[in-house]
């Protein structure tokens, strides 16, 4: 049995359509006889059989489009032996006359192969997809509110608004990007000079090598007498690689002294002020707090750290963060955004971490998916975020998508902290210092390590009842650290 | 390890964590963590660097020895 | 040791001596091109060679660039070592198909069977008010093609010494002679002979900025360097000599020293050879750059006839100096 | 040595002289044409099964030209061809295995798998490849001939091209230069009446190409490209004149391709009746018929010839399929010669 397959009829052909069968099952065919007419993207072509025998079955019908290589018909080989048309014998052709097709344009070079079908994505109209692309919204992350889960234009607009708002969060609001030559950046690294504090004199106010060396020099000669800004203000968001512009820089940037570190701190302060004021203005906060017994957590931690290398050891904060995140998964009302007069719960818990920068300033980058991370992973993410926050190498995405935030001022020695919520979030957890406290246990006085956890919550999104349930959930989780 | 070597190691470790820390004005008896505004993560990193540089294991129980600059120097020089 | 015997010569005479030496030393060599024989060469480079070597080896051709350049390729395939002269790069466009699809391609496409040991010489560049169609500088186009080598002799030594080395190369070599150089006069060693065609040369040492150029703009670049020296800026001048392959080592070594670069190229800026050199600097010496790489190229216009417009369109020493000062900052 | 005056102005159709070349010779011509025909038919099959790709231009119908002209060449002569070159390569003696392997792009191919159907090379047999640029090969051919003339080598460079090339500037430049410099070139124009989709009459004001060639001051005549004996006769006469220093000669071989320009075009530019009419003069059928009528070709001998060819072609396909691909690491070898890169 031989197969008659869809032939490759040109360098750029992937599939073909059967226009016409010139044979029917049972017909006898010879090698070279035209038995079908195939329509390619460009023209209708006669397709010949490469073997001699009888048509067994027509597998693919007229009008069907199939890829090259698909079996179109089956042929039982070896009909009455008749060698190929012997040379010298008159040529025999029994193909009926076929009406000529309209002349198809034929370029000498084959066009590029058409792109294959894209992967299945949530149903979204082309116009909305284009709108999403314009607004920089990744449709894959959206849950469509339209019929059958389709993503509507409103979904896209809301997501974009959300992204813009998140980007406007105080901590996330970076100062202006600093322009640094690659050479200067390398020398700064070698001399470990914080670029944010260097005054640039290069083209367009950019920082050059000599600027860096001058800054390093002044640092070594002891504390500067003059009012140079406190060093170490983290360069906001990742300093973009120097942009090469041919034109003269616009006047605003060209003023003689580049913005010094002091100016950058002032602008960050203003941004935080604006956001906090708006939060207090718009969000009806309610507050609840609880004291959590940390005995089992700390004992478990001490045992675990005993065998571990320094780099793998956990700090108590890791346990507290994990409990806050896991509890937030169980009490969704505290984890999400308040927008357009309604609360939309977030799909995952991106735990914002309030990180104070040395010398003033505050950033709240988010640990992505904190609710599902293992303790060790959460610990390393936390360390990484803190280091990068303080060296100005955070990604803008990390600064903009926290769904709930925690502020831990234990290290600063305060017992409890009642924070201000970061809009559009609806909750903020405050963690105080772990201290030894006399506690009544079974009627007897005992001394136990405890910590005060507080919750500031948006009364539009949840009530005290929910807030209280959330805190007790955190406390219960911390009594079984091994499960965290 | 001599006390001077220990002091140099500690100073170097601290500048790595807080490049702009003002060691010049740090009273050797004052609390290291408060003076240099080191939070728990910074302190853990300090311990990590010190154990790397000295090649010796520092357990949680040893942490109190690292409270001040002088106590830390004594602790590292003794081993 | 006494200084070597020096002789006075011109760029044109040096190139002629090179052709004569090749014809004398290798009977496979012959010169073919428009008016190379009885006319003595459009720029008089081959003056006198017809009388000395005869019409078989100094072949005037009809104005059929595709045919005689293709014939040069065919003769090379069959064992000859032809020197084909295309009067100017402007007419080479008529032979671009033979140069690209045959000369540069045959060896690879034939699986290593067809060598094409051919040298093609052509005049290039502007500056003599001959207007748009006769003033092109298209070396950059040819440096885009794998399979051929491209040279730009800018000095008397290179005019005298590059041809013989190029003729020994089993692959096609293009030599671009800038029209303004033929009358360049100076002294070279009496026994000057073949030179290397692979590396660039530092024509002037300096530590503040690297000025990278080739061919007809070397002179302007050197005078720009003199102007900068007056301001206390020591410029290093690199003569590329080989445009394909580029001598990256020498270029990047200079940038690593000065951390600033200005590339001078008579071609149009967009998609030019200077663009390639600039791209390689960001790829190989990014962390050495203390200022954006600057380029001084021809204005992107068809070359105008009037002198003042042509001068305004072409790279000039003053503009090179300005670009260098900006880079030094 | 004075150049024979160009007698092209009285171009005539050369008649095969009466002396009959012997039967064995005619059977060899038939075998060569059959080899080309079956090779091309196998290419159709392989292309349809997507085994071989790219552009493939078939020689079915024009076999008499390659076989006839080749009879007039010696192993020392050179050939420059075009993209419709399978026939030229096979009769020149490129091994069937190396040509088929080249169709498959394998390293055992005659161009190491890099050229494919349009760029078959074998410098050891002075077969300087196909050229995919219409007219692109003509300058190479006159260059090779120039080298031979400058070194006094009495040999011919045969240059094949189609009627389409006659419209290219390079054709005029090369015809003039060859005649001007008396170069030993045999220009063989395979006039199959169509430049891809453009009939000769819609491309040339003067369609008598031999007459045109004569105006360049070289001998030029036309021959029936479907009759291998006529082609052989004309080619011998021209090649001997060229070899004897008679300067370039031009042959217009009037032939016809039975299939599309390249793999599968809708052939809307010509109607079926014309194709059928030319098929009546299939070069293989004509020669086989003549031999059969003279009782010199018993059926079993023909069947044996066919099955031998079929076996060799199938073996070449199997060998090509099994042959290795060129390793990626060798991608840049031969961009420049090893010693000079």
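In this document, chain identifiers A, B, C and D correspond to the written order of the chains, with residue numbering beginning at 1 in each.
Keep this in mind: a residue touches a chain if its C-beta (ideal position, glycine included) is under 8 Å from a C-beta of that chain, and two chains touch if they have at least 3 such contacts.
Note that the coordinates shown come from a computational prediction; the quantities given were computed from them, not determined experimentally.
The interface with the greater count of contacting C-beta pairs, when A-B is set against A-C, is A-B.
Centroids of chain B and chain D (each the mean of its C-alpha atoms) stand 87 Å apart. The geometric centre of chain A is 39 Å away from that of chain B, both derived from CA atoms. One finds 51 Å separating the Cα centroids of chain A and chain C. Here the CA centre of chain B is 64 Å from the CA centre of chain C. Contact between chains, using the touch rule, shows up for A-B, A-C, A-D, C-D.
Within the complex, the chain C residues that touch chain D are 30, 56, 59, 61-62, 64, 66-80, 97-98, 101-102, 106-115, 146-147, 149, 169-171.
Across the interface of their complex, chain A is touched by residues 259, 286-292, 326, 329 of chain C. Per the touch definition, chain A reaches chain C in the complex via residues 181-186, 201-203, 208-209, 244. By the touch rule above, chain D contacts chain C in their complex via residues 78, 80, 109-115, 119, 121-123, 128-129, 131-133, 136, 138-148, 150-151, 169-170, 173-174, 176-177, 180-181, 333-337, 339-340. Of all residues in chain A, those touching chain D in their complex are 5, 7-11, 32, 40, 42-45, 47-48, 50, 68-69, 83-84, 86-89, 91, 93, 97, 100-101, 103-104, 106, 108.
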